[in-house]
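Both complexes shown next keep chain A, but they swap its partner, so chain B is in the first and chain C is in the second.
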Partner chain A sequence: MSDWLTPILWIGGIGTACGAALALAARYLSVEEDPRIERIANELPGANCGGCGFAGCADYAKAMVTADTAATLCPVCNSESSAKIAALLGRSVEVSERKVAVIRCGGNDSEALRRFAYNGIADCAAAAATGGGDKTCTYGCLGYGSCVRVCPFHAIAVADGLATVDPRVCIGCGKCIPACPRGIITLAPAAASLHVLCSSKDKGPVVKKACGVGCIGCTLCVKLSDGAISMEGFLARVDYSKPLTQDVLVEKCPGHCIQKIG
Partner chain B sequence: MKTFPSPFCFSGGIHPAYNKDLTCGEAIRRLSCPAQLVISLSQHLGAPAVPCVKAGDIVSGGQRLADAAGMISAPIHAPTSGKVVRIEPAPTPLGRPAPAILFEPDGRDVWESTLDPLADWQTHDPRALAERVGAAGVVGMGGAGFPTQVKLSPPADKPIDTLIINGAECEPYLTGDHRLMVEQAATLWEGAAIIRHILGAKTVRVAIEDNKPDAIRAMETALPTTLADAAVCVLKTSYPQGSEKQQIFSVTGRVVPAGGLPMDVGCVVENVGTTLAVWDAVVNGRPLIWRTITVSGDAVTAPANFLAPIGTPFAALVEACGGAKGRIAKIVAGGPMMGFAQAALDVAMTKTSSGLLLLSAARVPGYTSQPCIACGRCLDACPMRLMPAELSQRIEADDIDGAEQTFVMDCFECGSCAFVCPAHRPLVQHMRRAKAVIIARRRAAPKKS
Partner chain C sequence: MDYVLLIIGAVLVNNFVLNRFLGICPFLGVSKRIPTAMGMSGAVIFVMGMAAAVTWCVHTWVLAPFGLQYLQTIAFILLIAAFVQLVDIVMKRFVPALHRALGIFLPLITTNCAVLGVAVMNVKAASGFCKSVVFALAAAVGFSFALLIFTGLREKIERADPPRAFQGVAISLVTAGLLSLAFMGFNGLVK
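Then we have the complex of A and B:
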């Protein structure tokens, strides 16, 4: 009889002892965690994009509860989940403005000239380090997709040698900004539809030679935009804190670089 | 013993098609000054020079145009008399535009010497001579452009016993140094004697690859009997025999430690062109304003070696060769292995421009890069005994730290690995990218006090 009963008793005994130890550990060694952390983490998108500056959604949720971090850092949350998180934290509802990435270049392969045939690593930083990049314009998008590869939401695509952001998909996490060796990606409010799609700091004649879509520094848009566009050297820049609704600029811009997106 | 074969040879290396017969028989021709010179302010390793002239200034030949900016930098002088048109960014052979002095020679070639000729250099203090070399704007003319004064002033705890004059010229196509050795052998020995005097070295070796028998003969014949412990060391023809660390091993058997300098093993290596520039600066008091450049390739009508003023636009050099032949598929500044591809001929030559190659489509095969097949040929070829296959895969996966631990910083971008790679992987480009990231990180990191 002991052939089969002894092992059963042994195994059963060990199981009971371990169960008892676990039960005691759960009773006396448990760590109190604020239940709100888990509930807030459930409200966050869970993409772990890092756009808030924390090491993922759970880390940010913990920071909000324990370190009193602002609840508006997540660029992905819609207003509904923001409201839920604010309610869980017992704070007033702060709705952040949704932002999207804008690539400030309009020079695709039919507009911007290339100086030479680049046959190296398909990476923008590597291309930019080769003779200063193959595009004649030393400021514009190189189109080798370094931003595409870092986007966690597949919101960027390269077509015809130019990267463009789909504003419907982009959540404005800003991961693409440091990936661009030319530094031409910026975050703009999703509501803003007019953008200056040029980053060239060169003078007008140089820009005109290099690209069909380029700011030539004529300052026409500054006069027509009611202060929303200002000049930075020879380059027009939009101040997104001011309203810019003059759609007529798209037709008026002689460099064809003011365009409507979205 | 006037000549002896090198007792050692570095491991690895390759044997590319040298194509030196296009120009090795062409005597160096002095190019007349072109209508406009573009004199770049960063022609050397280190900080760009600071201009000390302004637009509209009339200067004479030999006058200083820009001062050295700090320890690792070099001044720049006017090759002839003329007018400074303006100072603006211009393309450089290295790719990125840098500020340059646009200079219009007046054709009169009025000369103003800032340094006195010193025929009796033996009686002068080595330190003063080294300073003179620095004031003459002499930099390493083999390609890197390291300021020569720094090389000639080793710290007291690093005594130099061997001076190697680098006449290997292992890059295909280039024959400028070869011609200098054939044509100016006696002057070269005197230049070597001056550098030896400055360094206080005992031994002088002129290292020449065995594919230049006429240069070996010329140097051997011209060796003055008064010069003790000097000899020609004949190297086996193998690329990159002209690289400093490889050459030190081939000639002396000493191994420069990783991250170290030749002075750590008691050696200094000076290029043939640099040696002649030192001679010119000391004996004639002339700054570095001209250099030899080989214009070659199968898309050049008449390939030639020139002595051209620094700042000569590449287009003027091609014109002096009778223009281009057929369609140019690739323009390379320097040699084909370590040179830099150019987008156009609007670039001007600098103190480090050893060659200009125009190649036709037949010489520039198109290829697509493929994944590594782990054949290991790059490991055999690497003269630094690195593992290019492993390194490139780490860099591709963005593991820059891993690449640093696998000694990517020891890579000097000779291109041997990419030359032998059957999968046509852009190995050198990977190394360059990783090195750039690591250098940027080290610059950003707080310095240890």
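Then we have the complex of A and C:
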């Protein structure tokens, strides 16, 4: 055989053999997958945030098709893609209310005092484990950004020693909630604009010494809010299931801890 | 004794990543968290051992008898890519648990230069079948070793506070360089 024919035949032969083996394997060894899984996965946002409780969007799509999992668990999906998924699954889906994360603390470095200079690892859990945290208030945001690092949507930022959520970017996946060692992050309906930005359960005088914007437990907001705010010990809490529209509370609150967001 | 030297040589002295600088992209790409690094390590060990066996057979029985050694690169790439795809399909069917564990890493290895490198080195050394496969497995263990050490370091660095200019990839590359320097210390252990 000539010099050029042998290599062409052999490499071509190897290529063909490999191709044939792959084709046969794909034909006879393939695993049947429901075609809806891929189409539903395409409708999901693809950020793999884990907000639904599954290991990612593809995993959730699989669970919806194979295990009859509810189609409303994705916090990111808008109503349009939710409707498409419901149509693919052949069932009706009621759209869940959009929620955003709220960090219930307003004590930035100009308002809240710090007891000592923390110089360790820049992580809230580590800071909280060091003598109970460097903030004088043992309930407030430490500002070392543990929630910022877990947020898959870059919706949280730390400024002046205080983490804040951008409600326009936040999609309410809830990943930041377990990341906060103080447990002060909660999910609130995106429609609610008034929030009590304090988590201190201490009595008024103690709060006042530690922070300029803490809830002192005066109960004024409870009287003005038609039952949407109630007292939990010495701390006012908003019940988001009831409407709260009294914007005047922002000025009236003597602790300056009720604020309007969004 | 031959094999002991071969293994020590491939794992420590001539470490694929840190001394030969092969397989750098997965070394930097999947070294952010220990579990992913473990998955990648498992996939690399499996694929490198199998690929060495396949390429050895093709080289000895096809390329060498017909004087086609100059085509080894293209033939090996073809074989490795097809082989990894085949393993992916077969595994998905018969060992779904392992397929889930190795997951995305299996197809990623298709274009890993460490796999091609070990095949080419086996040809150059003209070693027998057993020796080729053992060398490939040892090289893959060396890769995993380097990857896991590096991942451990990166996880620590993640929590540290380096100067702004060094944050992210920069400090990772510096770390990789220092790790490589440290591995140079094994030089002379095996001739």
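Note that in this section the second predicted complex is superposed on the first by the 232 of 262 C-alpha atoms of A that agree within 3 Å, B and C clash if a C-alpha of one lies under 4 Å from a C-alpha of the other, contacts with A are read in each partner's own complex, and residues count from 1 in each chain.
Here, a residue touches a chain if its C-beta (ideal position, glycine included) is under 8 Å from a C-beta of that chain, and two chains touch if they have at least 3 such contacts.
Just so it is clear, the model here is predicted, and its values are computed rather than measured.
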item: Chain B versus chain C as contact partner of A:Thr245, first or second or both or neither; value: neither
item: Chain B versus chain C as contact partner of A:Thr16, first or second or both or neither; value: neither
item: Greater chain A contact set [chain C / chain B]; value: C
item: Partner chain(s) touched by A:Thr66 [first = chain B, second = chain C, both, neither]; value: neither
item: Which of chain B and chain C A:Ile121 touches, first, second, both or neither; value: both
item: Touched partner set for A:Thr130, first chain B, second chain C, both or neither; value: first
item: Which superposed partner A:Ser110 touches (first chain B, second chain C, both, neither); value: neither
item: Interface residues of chain A shared between complexes with chain B and chain C; value: 121, 123
item: Touching residues (chain side chain A, partner chain C) in the complex; value: 6-7, 10-11, 14-15, 18-19, 21-22, 25-26, 29-31, 121-123
item: Chain B to chain A touching residues, read off their complex; value: 91, 95-97, 340-344, 366-367, 369, 426, 429-430, 432-433, 436
item: Of all residues in chain A, those that touch chain B in their complex; value: 115-116, 119-121, 123, 125-126, 129-132, 134, 138
item: Chain C residues touching chain A - in the complex, by the definition given at the top; value: 58, 62-63, 66, 68, 71, 74-75, 78-79, 82-83, 85-86, 89-90, 92-94, 96, 159-161
